[in-house]
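Next up, some structures in structure tokens.
The following pair of complexes shares a single chain, chain A, combined with chain B in the former and chain C in the latter.
Our next item is the complex of A and B:
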């Protein structure tokens, strides 16, 4: 039964994610004084891309060919590792639902993205890959510091266990270090979604879409879905730790979870729609230092015991 | 008379063989071949000139020589306060020299005046005139697989229907870029098909990590051969329509410049109302071109929100163009002697309302962009054009005004209605992207005010005089228009039978390209697209030839009838038997 629900969790995410993307696009269009596409546009895009064939440059190797699948699998793995439809009672799945599993799957996603970029030998994809790596340097340590605070505070790295603890009020926002860590963690997870102003790796004008520019047709559709899933997974990562609303009924908790993630996803339009993209050596560095400072504050508070 | 002081000074420096006057502010001085570099350098640096254009010409059937015309706009160096020629002394001095067809060589001016570099490279491509001492002798205009000894603009060069054989894609020779020495330099090609620039131009960036240390570029992938097309084939009314197709945005400026150079050559004065409407149209072009560029400068940094709002305003300028010319683009309106379409009182009233809307909304959006600190950080200090570099390379338009040099044809050489209109030249110090965009914003404001003044002062006269003229062969004249990107300079030498002997069209961007390299240096790849954009480049303006794609070895000449028939019915493709 658990496996039925976990596959339901994944499939429903794949099905509704384009809808939220469509809503975000519509909302963005309203801010830009446009009518904008239909809210189902992302479905149409993916459907159209799935019908198209592939072309690849002759300088690529098998890494380029398998990368869309690996990207999709690692993003799907990340999403499945979120304890939404299963809880602490599910003895099989809950042992896989772990902070480290999520972190490493995220790292795998990034690694494949970088390797695929370098493999194409397109200079822009190469620059894009190196930027993706640099973004990783900036985000990962902030995320890890926040998670250390949570892990130590809760005494476990197991996500269902932490969720359970927080939902029953045994640990949570009453602890200052936890609430401060929440701020930095949300920030970093937003950066991880790769939306403006942090979309350095996929920068359309500067890098001609970077790594993504080398993919087309089915591969590109698959990567599109993988990126949407990853965005949902990283936002969900924040939600399951810091705002866990889990119910006994798996369907109900799945619906509530998707609504929460979708809400965050659409509301991010208020950040990504306004202003230009950051540059890697100026804007990115400066803003991520803020996030780092916040996370360090929370670590210091934890060490002080509050 | 104007220009006399410059000719006098030049006469003391080098031997002037002959002085001819084309128009009240245009004088040509013939000098000896060996005096050419010194004459141009003296006028450029010592007397305060800027290179407007250079025209190589095949005059073998007139005087058995090739000729070079270096046109200098005498307006002062403008490097500091007061470094400027008095307003009523500003004029154009042309230095002319004759080259013997036996030697085909002339001493290069580029080592003394860097601004000549592109012109002298083009002179070799088009006429086979060799500049001795030119530091950069690579091809500029012709494609890399063009046959070696074929110089298309020579009068006897080739049959109009002749097309050189195309090479297979992989057989095409590599263009050799000026690559800086040193290890760890990475080549990053921006183009030839840059996804977002939508126009072909190959910028090779040489990077150390993320920093650009040098850049080189290859353009002219779409040379359309308009100058050749015009020669001896088109009459003057057709010329205007050809000229406006040079550019998609400043087409009207090209049409005016081209027609006015013909009008000047026969000393034709057009009615004041036509003058005013010509100014209005070229200012409308400035409105929509500057709105486009400010929008794009936001878009390339990823600020789509500002871009979309600016484009909403741009829509009003298209509406304005519709009221003035009848079409959303300002095309097909200029003819010899005036204009084809007049405006009614109702249209003028409506236009004034639209101007109010544009003015209010431009301010709103600009304030919002200014308030966005992140946007300002992307613009400030990026792509700096040094004042001295701008001076050396004769940059034009917002590009040079953003470097603090007060250079504007409307102010230096007022033409048409600009003698009566009052406006401020927008000059901003700094030379970075921010300065150039600020210049554009200030010009938006001044354009609105110029259009208003024109509407107010426009007299009720006819809009066209019957151009009963008889052109004298070998007469030539220069006309200039401040287009949105800088001054467009057209030069026409008249031939017999009311046709053009030689048409030289110099689009604004042509003068801005050579200095772009200096703007790239020291910036990051992330800013490269922004720097190119802030120049407001126009690829197709600079390039004037059509590429004819011949895939199979077979060829077929289509008659006008075939082609028209096919376009109407879309059946019986005349190219069917070629495939």
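Our next item is the complex of A and C:
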């Protein structure tokens, strides 16, 4: 039964994610005084890509072939690791839903992203592969510092366990370190979505789609879905820990969860539309230092036992 | 077990006997080593929970005892497992060094090296341990010299120098412990009655003595030098198992001391430093073998983090943490042995095919060596701790230990455990970058220097077979993670009988795989439903923004880490220089990264020692009369000393 719910969770996210992306695009267009595309535009894009033929660079190897699938698997795995429809009662899947499984599936995503970029031997893909790794270096420690506070406070790395604990009020915002960690974690998860001003892997206009410059056709469609799923997964990661609204009925929890994630996703337009563009070193250093400082504050509070 | 030792000795002697026929000797030496190691692997594995004792017979000065308990059995198993794979690999690989050295000597040293490691593990007496320890060091130094060349003797001297510092500290620690225990037998060492300050200084001496051999920061400087100089099969053995022997000795000896929490803190701190600095240097290195070597330092750091948790658990009397810590570190020791020896052997494959270690010259090797490339990919994934491979399994266990330790009240414990989790996560992020760089720039893209891969071709089956075996171990250990943990817990449990392992909250690797595989189906369903365009892709040049594509446009390994180098510039020293003479000639770009700790820590010391040695040299002036005078002065001093103080 759990497997049914987990696949429902995944499939519904795949179906709904482009819609929220479309809404976000529409909203962004409104801000920029454009009419903008229809809110279903992302569906049309993906469909069109699926129908298109492909070209590939002569230097590519098997990595290029498998990378869309692996990217999809890791993003989908990350999303499945969120205990939304399962985990209220003990379940087999809670052996899968673990903070470090989620983090290291994210690492797999990043690894394949980098390697695929190098494999195309496209000059721009190489540069953005390098940036992707650098961004990972900046974000990982902030994310982990926040998670340390949560894991050690809750005493486990198991996500369903932590979620239940927080939902029942046994641990949560009454603890100062936890609530400060929430701020930094939301920040860093936003960075992980790779949107402006943190779309450094895609970077300047001339870098075009960055790592994905050489991908096309159905591969590109799949990667698009994978990236959307990853963005949903990292925003959901924040939600399941810091705003766990779950109900006995898994379908209801799923609906509420998707609405929450979609809301966050669309609201991110307010940042990404008005955010400036940075060069990678200055941007990361300047902005991530704040996130790092916030997370360190919460860590210090935790160490002091507050 | 004496049969195994004896067989290795015989093989070692046998291969040196055929000194005149090196090719034959090489076949005998490595072939027999493979068989013996296979037997030894099975033997040690089947006797994992027994204690075997063996006394050296005959009329020697002493009759040292050799004893293997279950921990020793585990490490002996590890040594023979890796030795099996490496000797099968060397069977063909060693021929690459035909012109450089006599292969008979190579084979003989190789066998002697395995033997010395096994004997170090089983020796039960201070003197035999120290003797064999030094023999092990010397043989490994000779193995480095097999690949003689420019700078080889300097590298060996650095290795030996650091090994000597270590051996010195180790000797002092063991002698002091022996004097407290009143016996030179290790079995009588337990329950020494010593003060806290004494035990902590002994612990630090042991840490320096054995940590230097294990490649712990800041004694890591020998790792890249020695491993890069070594033939790859020898570096696979050294990095895969020799540093594990040091860790074994460390676990064994420090358990004799009365435990305190501070042991745990020291280990956590050193482990955190070690893994972060190890991976930073692995990341910025342009030599793939040096990168792999530095990552040994990183992994030893990770193992020390696990051990830190274990010693913290022992010090605070919380057997659950101690048990999990030991399991985690032994698990990571096993995994590191597997994937690090694998990586070194693979780097041997790359080197024999391309004759270069410079990542900026390589690229596109996948097309020439597909199997090597795929095995390398699996190994790299497992060293980056990607689920569901073995690296992830053990790092997860270490994380679990850290979280369990950090829950306890107490500012110090929370501080050290959070510090180590942060260190481990930074290491994880940088490992991703370091190894994607190594894999990407060696195997993917287009060769930067077309000459380098011109003659490359896939290596022979005898070389690929052991690699395939170890790679499948990487996957297998990952999948059967919980069974391996159970097996290791049975080894550790005799050390702390009151602990019980609870696997509550453990992840289950089969479920992770199941979920990942079923996620993998979705794309195909999607393509089917929407009738995706499945036509074969057209082959084109990579897109270069309208310019004509050139392979030099690819990202180089230097540029790849450029941003991160700038971000870490407070920790690194590097110089880059661009030489342009004239418009039509090629610009030359050179880049050099320095090991900060070698320059700031070791070079001044070496310089002062040189100056000191020069000054002392005045005494050695070749005049016999003066030498007689020295002896006279010395005798007088001794007499005076004896008269007043004895």
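Here is the rule we go by: the second predicted complex is superposed on the first by the 301 of 306 C-alpha atoms of A that agree within 3 Å, B and C clash if a C-alpha of one lies under 4 Å from a C-alpha of the other, contacts with A are read in each partner's own complex, and residues count from 1 in each chain.
One rule holds in what follows: a residue touches a chain if its C-beta (ideal position, glycine included) is under 8 Å from a C-beta of that chain, and two chains touch if they have at least 3 such contacts.
Keep in mind the model is a prediction, meaning the values are calculated, not measured.
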| item | value |
| --- | --- |
| Which superposed partner A:14 touches (first chain B, second chain C, both, neither) | second |
| Contacts of A:281 with chain B and chain C, given as first, second, both or neither | both |
| Which superposed partner A:197 touches (first chain B, second chain C, both, neither) | first |
| Which of chain B and chain C A:137 touches, first, second, both or neither | second |
| Superposed model, chain A: greater residue contact from chain B or chain C | C |
| Partner chain in contact with A:213 - chain B first, chain C second, else both or neither | both |
| Chain B versus chain C as contact partner of A:252, first or second or both or neither | neither |
| Touched partner set for A:267, first chain B, second chain C, both or neither | neither |
| First, second, both or neither for A:96, with chain B first and chain C second | second |
| First (chain B), second (chain C), both or neither touched by A:123 | both |
| Set intersection of chain A contacts, chain C complex versus chain B complex | 123-124, 127, 206, 213, 280-281 |
| Touch list for chain C against partner chain A, complex | 363-364, 366-367, 370, 373-374, 377, 381, 384-387, 392, 395-396, 399-400, 403, 406-407, 409, 411, 414-415, 417-418, 421-422, 425-426, 428-430, 432-433, 435-437, 439-441, 443-446, 505-508, 511-512, 515-516, 518-520, 522-523, 526-527, 530-535, 537-545, 551, 553-555, 559-564, 566-567 |
| Chain B-facing residues of chain A, complex | 28, 31-34, 123-124, 127, 196-197, 199, 203-209, 213, 273-283 |
| Of chain A, residues touching chain C in the complex | 3, 6-7, 10-11, 14, 47, 50-59, 61-63, 68-69, 72-74, 76-77, 80, 92-93, 95-96, 98, 100-101, 103-105, 107-108, 110-111, 114-115, 117-127, 129-131, 133-134, 136-141, 143-145, 148, 151-152, 155-158, 161, 206, 213-214, 216-218, 221-222, 225, 280-281, 284-285, 299, 302-305 |
| Chain A contact footprint on chain B (complex, rising order) | 186-189, 194-196, 210, 298-305, 308-309, 312, 372, 374-375, 377-378, 524-529 |
